[in-house]
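In the two complexes that follow, subunit A is the common piece, with subunit B as its partner first and subunit C second.
Take a look at the complex of A and B:
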């Protein structure tokens, strides 16, 4: 069952990702990205990381993507919705993919991830909360502070552009 | 599983009844009769409207972006309906076994923005696009006070599972419940159940939290006084201007679904979910007598329908807000009050309970 779902979501990620790269229509690209991100959250869900799946939907599909789509909607609609795509970033793209593959390969070999840890589901959220406020308190507070700074900065920038 | 077996038929039947109910309630508020001709007291009016709607031609504008145009309404309804999957029905029928149930509900329902965007953009009509931008700006900004008020409840209950939150508000609670949440008064009401163990009585701050939740929920469901996306009198439609026939019907289905979902969520978070409102007093075990498999479903549904009625009542009482007033309400009033309530609920949890 899990394996079937894995292939289903994997195929969905693969197809929508590839179409996303090769489509010339900007708004199609946004919706394909949505399908890609949702399939990734499906992947999290079938491997019992339900909290991560929900966060993926909330932050990426519900937050970032809406902002992206908003930006694209407010730009001018080019004739037939086509965009001109160059290939000058090909080298960086390929090198990023290769280094990601290397990292994944290294993680597969690393002994820190144990198989039985994947199936502990009960009390997941509680455990994450406890770890955040004890073991990882510094990182948690720093991230919170960074987000606060971003929030204040964003509202300041918004105000400034209004008066300029 | 009961999402498909119970909530889907219930939602469809609810829409039929609610459209008729809304027309009758609005007529009552405005001293009119409302629909009277079709059937006794006009009771088959919605069925007749439905038949008319299905017979209409399915028009797709020539210059519309066809796949996006067709997918839009389906996505809107799917997102709203997926939210129902986490709702419990009674003590034995919990929703989807997701530990972070409320969070999942909020996340999935927020995806209907994507469908609205598809509808607005796909129509290839600048007024539809403006309508979509208006609707999305509204939904995205009101999600913040909504989330803050839900956070208050999650902090008090220390759980995000809707079934768990409900269970703590009645006779099945595992933790002792004190009157008004005041441990110092030392009046334990765990065995009395009923009204006294509901969240809004357990923690009086949650009453204000509920007000914020309800206002933000009205805006999320595009209901009046926040129904700018489809204000028929001054803006002439919104993102669904170009849709006809049953595709337009799906948008209405999604709107009534969102209305129902917000009411269900409010009942579960603040008014005890499937718990009975009656209290055990001495030998009158009213709470025990009115709890059972079918009683619980009855309580959940009746409380929800009362809140739906309140939504309709508000719709026909208050005038519509302008778009800047809408944003002011969300960002300058509801969000700061929501933050304050989160702070107060945290203090309450630390000191009182």
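Take a look at the complex of A and C:
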């Protein structure tokens, strides 16, 4: 059952990722990115990270995509997502596909990644909260400060500049 | 039938490669940002897959930090892009080759 869902979400990620490469319409690209991110969130739920799945839906599919859509609507006349043509890009594409094939081959061949039982947790949110306030307290506070800085910086950058 | 961990790592590798290809071949700056999001998600999938069999859920905690940092990055990047569009009236990365107007 779980395995079926895993392949389903994997297929969705695969198809929407491939279509994202070849599409030329920015609005289509945003919707494809939405389907890709939602499938990744389902993937997280399968891999025993339910809190991160909810966070993914909230922040990425809720906030980040709206922001991208605003960006597209505010920059209407810029070029659509055209592919840069040229032979050097053929080289890049082939090298990236080759490296991905190498990684997949190494994964299928590797004896060091053993099949392990998933660790089933129930009180995961409690565990995450405990660790954020004890073990990762410095990183947690630094991220809070970073969010404050981003808030101020984005509102400063977003206002109309005086000499433009 | 693949092992779930191997399948998850393959999906992570696929997402990273897709993002890298989009960053390289697309002309529009917003498209490039979509590619960056995909790359971050690929790294995140790897972290989650490795933490699935870990009693101390370290990978998932790192994943939460990655999501927060990605959100901050995209906010600032979009503000900068709006400013660039206001100056140059385009987001074509090939024609943005001057620092000054």
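Rule of thumb we're sticking to: the second predicted complex is superposed on the first by the 115 of 164 C-alpha atoms of A that agree within 3 Å, B and C clash if a C-alpha of one lies under 4 Å from a C-alpha of the other, contacts with A are read in each partner's own complex, and residues count from 1 in each chain.
As a convention for this text, contacts are C-beta pairs under 8 Å (C-beta built on N, C-alpha and C of every residue); 3 or more make two chains touch, one makes a residue touch a chain.
Bear in mind the structure is a predicted one, so any value in this text is a computation, not a measurement.
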item: Subunit B versus subunit C as contact partner of A:54, first or second or both or neither; value: first
item: Touching partner for A:75 - first (subunit B), second (subunit C), both, neither; value: second
item: First, second, both or neither for A:34, with subunit B first and subunit C second; value: first
item: Broader residue contact with subunit A after superposition on the shared chain, subunit B or subunit C; value: C
item: First (subunit B), second (subunit C), both or neither touched by A:124; value: both
item: Overlap of subunit C and subunit B interfaces on subunit A (superposed complexes); value: 51, 55, 70, 74, 81, 121, 124
item: Contact footprint of subunit A on subunit C as seen in their complex; value: 1, 3-11, 13-15, 17-18, 20-22, 24-31, 33-34, 37-38, 41, 44-45, 48-49, 51-57, 60-61, 63-65, 67-72, 74-76, 78-83, 85-87, 89-92, 94
item: Sites on subunit A touched by subunit B in the complex; value: 27-28, 31, 34, 50-51, 54-55, 57-58, 61-62, 65-66, 69-70, 73-74, 81, 121-125
item: Sites on subunit A touched by subunit C in the complex; value: 3, 6-7, 10, 13-14, 17-18, 20-21, 26, 29-30, 33, 36-37, 40, 43-44, 46-49, 51-52, 55-56, 59-60, 63-64, 67-68, 70-72, 74-75, 77-84, 89, 92-93, 96-97, 99-100, 103-104, 107-108, 113, 115-119, 121, 124, 127-128, 131-132, 136, 139, 143, 146-147, 150, 153-154, 157-158, 160-161, 164
item: Residue ranges of subunit B touching subunit A (in the complex, touch as defined); value: 65, 68, 98-100, 103-104, 106-108, 110-111, 113-114, 117-118, 120-121, 129, 132-133, 136, 140, 160
